[in-house]
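Next, two complexes with chain A in common: one pairs it with chain B, the other with chain C.
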Partner chain A sequence: MAERPEDLNLPNAVITRIIKEALPDGVNISKEARSAISRAASVFVLYATSCANNFAMKGKRKTLNASDVLSAMEEMEFQRFIVPLKEALEAYRREQKGKKEASEQKKKDKDKKTDSEEQDKNRDEDNDEDEERLEEEEQNEEEEVDN
Partner chain B sequence: MADVTVGKDKCGEQRLVSLPLSRIRVIMKSSPEVSSINQEALVLTAKATELFVQCLATHSYRHGTGKEKKALTYSDLANAAEESETFQFLADILPKKILASKYMKMLKEKREEEDENDDEESGNDEAEA
Partner chain C sequence: MAAAAAAESGTPREEDGLGGEAATPQPQAPTNAPGARLSRLPLARVKALVKADPDVTLAGQEAIFILARAAELFVETIAKDAYCCAQQGKRKTLQRRDLDNAIEAVDEFAFLEGTLD
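Then we have the complex of A and B:
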């Protein structure tokens, strides 16, 4: 597959932020340590994916799903992640549900709103800008006269 | 939730994770046996990776020698990989560092050992993979 090496790395800025938030204030993280953690994170993804895939194959499925990932964590002895992951999953599902409902609501609202309403709004904004420019010019003229 | 981090990717979704899902997906797909990945699995893997980074950083710091100097160094991480069962899978990519002189000495000793073995057998030296 045509993946460039950097594609398999995670962005430095985000990794650094996560590390900083986890450690006490004022702790210095060497560049080497940061890069090592980043590599470790990529290896973790591969390991977790491979493990999760085994569970999917056991269930005769071709698509990895949430429970495969959770089972993988158990297998890899990262049980401590399971509760926060389940919470994140719940939050994600609620968010998806909320988005779906919101977009359905938006559709209904859009049908009610007319186009001319939006045109009026644009004209008003243009007028405001012109007024501001005129005021500035007047001020400049006054200053010159004083000099 | 205290551990819910805010971050956005191109689509403005995924406020539950900071790591970019697109990149996580690329890494996951580089695994040959994987066919497809459901969106929830992707989100959970990203979240798990964040937890992992936090876990590795704090563990290495707490057990490391950098603590007195308020610093996290590479050797703290290499030590964690070697000594902790949980992080054993990282041992190959986070090898401990040794002085060059020590390494040269080790190489020399190894060669001497192999020479002794050669004297006993009459076979060829096979290069190690």
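Then we have the complex of A and C:
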């Protein structure tokens, strides 16, 4: 699959949904218009990435961060996006923090359990099953030979 | 006391649930947490676009997320601007030419010129 940057499209279903929710009820969109918007969105991301990367390089950093993207928005004259993006970022950070704490808690609980005992039990059961399978296979082979 | 008596006697019929008015299956993805609808665009695809840039070394997760959200806002914005053109033509279907008109008319969309063909 040739992956030129322009060909990396975002999923049509999601794009369509965003468009429909932005427009009043009863308004439709032609297939050509929808795919053009999808393409435009990809170009937007590529352009924003390039702008953001300039800011990162200015700051002598190799990793793009959120503020680089926000600076890019301003550079691209999409200032109206900045406030909603900042709000989304805060919500995202809160969610990530919650997830991290939840997974750390799970890890702690797991370590407390005595895992070693459970592992020994499982091993014994597995050995029994293997032996039964071997016996069945041998019987089958004998039958075929007779025929 | 009165409240307790009322609770015992009144068993709402709606809870019998014969399934006559079952909730229509919604095409939207299930939202488990209240903040789950932060971004509809899959971050993996956005990340692929970002990586396509040869000058980019690394991009943090937050950067990818904001780009995804910005792309959503962009789609909303351009759809609305294109719709203004369609409205003038008294049409209810957005056509490709509405988009082209919006791109020409709005300065911020100048970067799109020549890229959609």
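Things worth noting here:
Note that the second predicted complex is superposed on the first by the 101 of 147 C-alpha atoms of A that agree within 3 Å, B and C clash if a C-alpha of one lies under 4 Å from a C-alpha of the other, contacts with A are read in each partner's own complex, and residues count from 1 in each chain.
Basically, contacts are C-beta pairs under 8 Å (C-beta built on N, C-alpha and C of every residue); 3 or more make two chains touch, one makes a residue touch a chain.
Keep in mind that this is a model prediction, so the values were computed, not measured.
Superposition model on chain A: chain B and chain C are shown in a clashing arrangement.
By the touch criterion defined above, A:Ser30 reaches both chain B and chain C. By the touch criterion defined above, A:Arg94 lies against chain C but remains apart from chain B after alignment on the C-alpha atoms of chain A. Residues 3, 8, 10-11, 14-15, 17-19, 21-24, 26-30, 32-33, 36-37, 39-50, 52-53, 57, 62-66, 68-70, 73, 76-78, 80-81, 84-85, 88-89, 91-93, 95 of chain A touch chain B in one complex and chain C in the other.
Within the complex formed with chain B, the residues of chain A that make contact are 1, 3, 7-11, 14-15, 17-19, 21-24, 26-30, 32-33, 36-37, 39-50, 52-53, 57, 62-66, 68-70, 73, 76-78, 80-81, 84-85, 87-89, 91-93, 95.
Per the touch definition, chain A reaches chain C in the complex via residues 3, 5-6, 8, 10-11, 14-15, 17-19, 21-24, 26-30, 32-33, 36-37, 39-50, 52-53, 57, 62-66, 68-70, 73, 76-78, 80-81, 84-85, 88-89, 91-96.
Across the complex, chain C meets chain A through its residues 33, 35, 38-42, 45-46, 48-50, 52-53, 55-63, 65-67, 69-80, 82-83, 86, 92-96, 98-99, 103, 107-109, 111-112, 115-116. Per the touch definition, chain B reaches chain A in the complex via residues 1, 3-5, 7, 15-20, 23-24, 26-31, 33-38, 40-41, 43-45, 47-58, 60-61, 69-74, 76-78, 81, 85-86, 89-90, 93-94.
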